[in-house]
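You will see two complexes here that share chain A, one where it goes with chain B and one where it goes with chain C.
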Partner chain A sequence: MVDYQPVPSHYQLLTVIGKGCEEAASISLAKHLPSGTVVSIKRINLEMIENDFNIVKTEILMTRQLQQDNLLTYYCTFVHGRYIWCVMPLMEYGSCKDLIHAHFTEGLPELAIAYILRDVLMALDYLHTRGIIHRSVKASHILLSEDGRAYLGGLHYSHDMVFNGQRARKVHHFPVRAAASLNWHSPELLEQNMNGYDTKSDIYSLGITACELANGATPFQDLPPMQMLLEKLSGTVPRLLDANTLPETLDMEQEQGELHNDTALFQRSFTPHFHNFVHLCLQADPFQRPNAAQLLNHPYLKRAKRKSSADNLPTLLQPVKPLSPEAILPRDTCDVEDLAEKMSEVEVEEASWIF
Partner chain B sequence: MMADGNAGAMAMMGVEGYYHPACEDIHQIDFLNDDEPLDNIFTRVDSAQIIYTPRRKPAKMVGKYLMGDMLGEGSYGKVKEAIDSETLCRRAVKILKKKKLRKIPNGEQNVKSEISMLKRLHHRNVIELLDVLYNEEKQKMYMVMEFCVAGLQEMLESTPDKKLPIWQAHKYFTQLIVGLEYLHSQGIIHKDIKPGNLLVTLDQVLKISDLGVAETLDSFAKDDEIVTSQGSPAFQPPEIANGLDSFYGFKVDVWASGVTLYNITTGKYPFEGDNIFRLYENIGKGKYSIPEGVSKHLDDLLTGMLQYEPSKRFTIQQIKLHDWFRKKHPRTLEFIKPPSLPDMDDPLHSMTVMPYIDDLYRGDEYEDEEYDDNYVEDIPLEPREVQVEEKRHTPKKKPKSKISVKKFSFNSCKPS
Partner chain C sequence: MPLFGKSQKSPQDLAKSLHDNLNILSKGEKKAKVSDEVSKTLVAMKIMLYGTDQQEPQTELVAQLAQEFYNLGLLLLIVQNLQKIDFEGKKDAAQIFNNLLRRQIGVRSPTVEHVFTKSEILIILMKGYKTQEIALNCGQMLRECCRYEPLARFMLNSDEFYDFFEYVKVSTFDVASDAFTTFKDLLTKHKILCAEFLEKNYERIFTAYRALLDSENYVTRRQALKLLGELLLDRHNFTTMTRYISNPENLKLMMNMLRDKSRNIQFEAFHVFKVFVANPNKPQPILDILLKNRTKLVTFLQKFHTDRTEDEQFNDEKAYLIKQINELKEG
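For the complex of A and B:
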C-alpha cells in the first residue's frame, strides 16, 4: 500500500479531467512522485466557496471517517495556498453519468447495472447501519474503477442521524444546496412535513438511479422542479423503458413518425426481476420500501456474481475503455486543452461497437 | 464520435458543471415531451399511495417563490407559506403593506432596522431572512424567511392548561438562551422576547423571530445601557415599568426570558393587571409568587431570572450553568404537537402550495406561465374563473404534464 503524504510537492498535476462546484473545484490527474502511481486530485478554491464551505467540510469529514470497499476514499486531504487538495484514487471509467453520455445513451446493459447497483447497495447498507443518509445517490456520484468495481462518492449532502450519541428516527432537514439532485429525491424528503424522512429516502433515489442507468435519461429530467414535485406527490412512478412498457406509447405516437419499432429500446426487454426491483425501490410509502440489506438479497442482483469472468463489468462496458494513464503521462503537461482532446481519442475503439 | 468522458473521479462536487470537449459530438438528446399519455410511461399507483390529491387554487408567483396558504396575520399584513421554485424548499413570506406600516408607530423604521439586523445574523436559533422583494406598484414588501410550523404561543393555546410538559419547555428554553446569547454577542438586544415571538420548525428547532423593536448597540458603546423599550408590557422588567430613563439591555432580555419560562411551564404570568397601569404597578413592586408544583431547581432559576435588581439578576452565563438548565429532564408527559393551521385538520403540516402548483401546471391555459426573476408579478386571476366554466363543456384536454421519455437517438448509435 502506497503511503500518500499530505505534501504538495509529492504530486505532479497533469491534466484537468473534471470541474465541479460551480467552477470552484477542479479534478486533475496527478502523478504521485515518490511511488510513480497515478491518482486524481480534486482541488477546491476556498475563496470561491463561501456559501458551500460547510458542504465541502461535511464531505471531507464524512469521507475521511468512513471506510468501506464501495465508498470513494480520500488518500489524504490538505490545504495548499487557496486550495483544498483531496487526493483520491483514479477512477478509470469515470462516473456512470459519463458512461451514459459517452456511449450508453439508451442505457447500460441490465447485467452491468446489476453489478453497479449491487456495489452501491453495499455502500448504502454500510452508511445506513451507521445512521448516515447519503441524500444524493445518482449516476454522477457512482464511479467505476478499471477492475469494474463501483464506488459511491458525493458525500457532501449526507446527513448523520446520530447527534449527541442518539440516533434520531426521522430527519426533517431539507438539503437546500442539493438542487441538482432534486429529481432523485424521495417524495417524503420533498414533502417537508412532520413525518420527515430516513435512510429509506436513499432507496427511492437508488430506484431513480436504476431508471437513469437503464433508460439513459433521468425520469422527470426536463420538468421544472415544481412540476416534478407535483408529479411525484400525485403518485407518478417512473419505470424502466423496454418492449413491455413502451408498445402502447408507440401505437399512439406512430403517426408522428418520431418513433420506430426497430430502435434498441423496443427490442430490449428487461427481466421481470429488474422491473420488480425498481418497483420496490420507488414505492411512495417508505415503510413499504425494502432496506439496503434486503435489496442485496433481491433475485435481480443474484446474477451479478463477481467471479464470472466472462461477463464482468469491464467486458459489459465495451467498447468503452478505461482511461489508461500511460497513454497521456509522457505528454507535455502544459497544454491541458490538447490533452483532454487526446484523451477522448485514446479511449474509443470504434471497430467493436455492438448493440 | 464517441466521448470517453470517463476519466477519474470527476463526479464529485456537482458533476452537472462537468464539461468534456468530446461531449459536443454526441447527438443532441431530445425528448418526447409533447402530449405523451402519462399512464403508458409511468405506472399509476392506487389511491392509497397518493400523497396529494388535487384541489386547485390560483397560482401566484412572487419572484421565484410560489405562494401558498396564509400562516398568520399581523398588524403589518399577512404571513404566507411559499415554496422556492428552484430548490423546492418551504419558506414563509411576510407580506408588508406600506399603507398599513405607516399607521403603526415607527412601523417603517422598525422594518428597516429588522431587515438590516436579520441580514447579518446567522444562527440555528435565530430566524433566517433569505430574501427581500419589493413591489413598487402595489406598495408591498416581501420578507422571505425560514419556514416554521408554529409559534410557542399557539402551541400553549392548543393545550387545556396553556402550558408545556417540563421536558418540552426545557428543550425550547435552552435553545432560547443559546439564541439570545448569540444575539447579545452581536450587540443586539431583542427587547420583545415572549412565546409569541418564538417559532418552532418541523424538527423542533426554536427560532427567535420578530426583531422589529430590537436595538443594535453602538460598536463603541462602553456597556449595554439603552433608553427605549417597545416590548410587550407583561414581559417588561421593573426598571422599565418604573419608568427609568435608562437601563441595561441584556438584563431586559433575561427578565423577559424568565417571564417566558414561567409562562410555558406554569401556564400563568408572574405579573398581571386589569390594564397596563395596574400591570406596571405590580411589576414595579416586584412581588410575585411561584405556583405550587414547581420543582426546587426551576423555582431557583425563575427567582434568579426575575430578580428585581438588574445587577442581581442572572446573566446568560449563570443561566447556562444553572442545574435546571443543565439537567436532563425525563420525557414523562406526552409531546405537545404544533397545532394545525386554523380551518385545516392537518397534524402533519403538509405543504399548502400543492393546489397552487397544480393550477400552475395543470390549469388549462396558464400551464406555461412564465415569470421574471427580477421583479414581482401576479398572475391575473380574473380570466381563470371563466375557464373553470369552460372546462365543463369542453372535452378534457390531454395532461399538461411533460414527463420526459428519452427519444431514441438511433442516428448517433448505429453500428458502424
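For the complex of A and C:
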C-alpha cells in the first residue's frame, strides 16, 4: 500500500481527463513521484467558488470518513495555491457513462451490468446502514478500475441522516445542484411533500441506472423536467428495452422511426430475473422497494458472484481496453492553466497606498 | 430483533464489556480479538441509542446505558483510547458520545454535567487535532460539546484553545478545515460568552489572528478574513470592533488586502474595510491614512468589482463609502 502524502511536489500532473463541479474542478492524471504509480487528482479552483466553499468542505469531510471497497474516496487532500487537490485512485475504464457513449450505445451486456450493480449495491449498503443517502446514483458516477471493480463516486450530493447526535428517519430538503440528476431522482424526492424521502430513494435511482446501462439511454432523457415529474408521479415505470418490452412501447408511442432500424434491440432478450430486479427497484412506493442488502441476494446478481476468469468484467467489456499508464504522455496543459490563472488575476495598478 | 437470533445484551453487559476491553487496549497490548470486541460493542450501543430503520430507541435501555457510562467513566475512557479503536469504531464512538450529550432529564443535561466535571475529556478532544487518524472524529464531538455554554466556556478559557491557530494551518485540507469549523463555532455560538471572551483576551487573540490573515495558505487566509468580518459586524462584539478599527495597522492590512490578487479576498476585505470608513468617531491616525489616500481610494473604489451589478447591497455600500471618503474633513 503506497502512502500518499499531502505534499504538492510528490505529484506530477499529466493529461486532464475530465471536468466537473460547474467547471470549477478538473480531473487530471498524475504521477506519484515517490512510488511511480499513476493516480488521478481532482483539482478544485476555489477562486471560482464564491462566498464560502461549504459544498467542497462537506464533500471532502464526508468522503474522508468513509472506507469501503466500492466507494471512490480520496487518499489525501491538500491546498495548493488556490486549488484543493484531492488525490484518488485511477479509474482505468472511466465512468460507465463514458463506456456507453464510446462503445456500447445500445447498452452494456447483461452480465457486465450485474457485476457493476452488485458492486454499487455493496457501496450503497455500506452508506445506508450508516444513515447516508447518496442522492446521485447514475452511470456517470460509477467508475471502473482496470481489474473490473466498480466504484461509486459523486459523494458531494449525499446527505447524512445522523446529525447532532440524532438520526432522522426522513429527509425533506431538496439536494442543491440537483438539476443534472433529476431524471434519476425518485418520485418521492422530486415530489417534496411532507412524507419526505430516505435511503430507498437511492434504490429507485439504481433502477433508473440499470435501465441506463442496459438501454444505452436514460429513461425520460428527452422529456422536459416537468413532464418527467408528471410521468413519474402518474406511475410510468421505465423498463429494459428488449424483444419482450419493445413492441408494447412502440404501440404506446405510435411512431418512433429510428427504433425500427435498431434490430439489435428487438432481437435481444434480457433474463426475467433482470426484468424483475429493475421492476422491484422502480416501485412507486418506497416501502415496497427492497433495501440494498436484500437486493444483493436477488437471483439476478447470483451469476455475478461466481468469479470465473472467462466472464469477468474486463473480458465482458472487450474490445474496450483500460487506459494504460504507459500510453499517457505528459502534456504541459498545467503550464497553460497556470498562465490562464495568472491572466485572470485582477490587474491592480502599480501605485500603492501611502501609509 | 430476529426472533431466534441471539438475545440482545443488556446495557450493563455492553458497558462492562467496553470498559474491560478498552482497559486492555489502553495497556498497549495489540489484540485483534479485543479490538473486534470493542467495535462490536460500539455498534450494539449505537443501535441501542439511535434505533434502526425499523425500530425507535427504547427510552428505558437508553437511560440504563447512560447511567453505566457515568458510573464507569466510559466517555473519558473512549476519548483516551480513540486512536486504538478501528476506523468504523471511531465513528461509532463519536456518534455515541454525541447522542449521550444531548440527553435531557427535565431541564438538566446529565451528560453535559458529567463532561463538565471530567473536563479532561475536552482537553483530550481538543488535542485530538494533532493526530490525523482521530482529528475528524474529535471534531464532531467538539462541535457537539460547543453547543453547550458551560463546555464552550471551558474550552475558550483553556490554553489548548490557542492551539487552534496552528491546527487551522496544517497541510492536510480536511483536518485544517474541520478545525476551522470548530474554531468558528467556539467564537460564534454563544454570543455573550464570545463577546466577553474577545474583549478580555483581545491582545492575545488578535495577535494570533493576524498570523492567519498573513498565512501563505489561501484557504486559511480566506476563511479567517471572512470570519473576521462576521465577528466585527456582530453587534454583540461592539467593544471589540471599536478597538479593532482604531488600530491603523489593521486598516493598512485591509487596504492591502483590497488589492490582493484574489477577487474573493478583495471582496471579503471590503466588508472589513467599510467598518473603518463608516465609523463616525475615527481616531486621528485612521483619519490620516484615509485622507492621505483619499483620491486613490475614490478612484480605486469606483473601479472596484464593477461587474457585481446584481448585488444591490454591495453597490449601495460602495457608493456610501465613496461619498464618505470624498466628504472627509481634516481633523
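Annotations for the structure displayed:
Throughout what follows, the second predicted complex is superposed on the first by the 309 of 355 C-alpha atoms of A that agree within 3 Å, B and C clash if a C-alpha of one lies under 4 Å from a C-alpha of the other, contacts with A are read in each partner's own complex, and residues count from 1 in each chain.
Just so it is clear, a residue touches a chain if its C-beta (ideal position, glycine included) is under 8 Å from a C-beta of that chain, and two chains touch if they have at least 3 such contacts.
In this text the structure is predicted, and so the values were computed from the model without any measurement.
By the touch criterion defined above, A:Gly81 reaches chain C but does not reach chain B.
Of the two partner chains placed by the overlay, only chain C lies in contact with A:Pro6; chain B stays clear of it.
Of the two partner chains placed by superposition, A:Thr271 touches none, neither chain B nor chain C.
Ranking chain B and chain C by residues of chain A touched puts B first. Residues 346, 348, 353-355 of chain A touch chain B in one complex and chain C in the other.
Here chain C touches chain A in the complex through residues 50-51, 53, 87-88, 91, 95, 98-102, 136, 144, 147, 171-174, 176-178, 181, 217-220, 222-223, 226, 248, 252, 255-256, 259, 261-264, 266, 289, 292-293, 296, going by the rule given at the top.
On the chain A side of its complex with chain C, the touching residues are 6-7, 46-47, 50, 52, 57, 60-61, 64-65, 67, 76-79, 81-82, 84, 130, 162, 164-167, 169, 198-199, 291, 345-346, 348, 351-355. Residues 1-23, 26-27, 29, 31-33, 36-38, 40-45, 47, 49-54, 66, 83-90, 147, 149, 201-203, 337-338, 347-351, 354, 357-358, 360-362, 401-410, 412-413, 415-416 of chain B are the ones that touch chain A when the two sit in their complex.
Interface residues of chain A, counted against chain B in their complex, comprise 17-25, 27, 29, 40, 42, 44, 56, 59, 72, 86, 88-95, 97-99, 101-103, 105-106, 140-144, 153-154, 156, 171-174, 176-177, 179-180, 182, 187, 190-196, 215-217, 219-227, 229-231, 233-239, 241, 245-246, 248-249, 252-253, 258-260, 262-266, 279, 283-285, 319-323, 337, 340-341, 343-344, 346-348, 350, 353-355.
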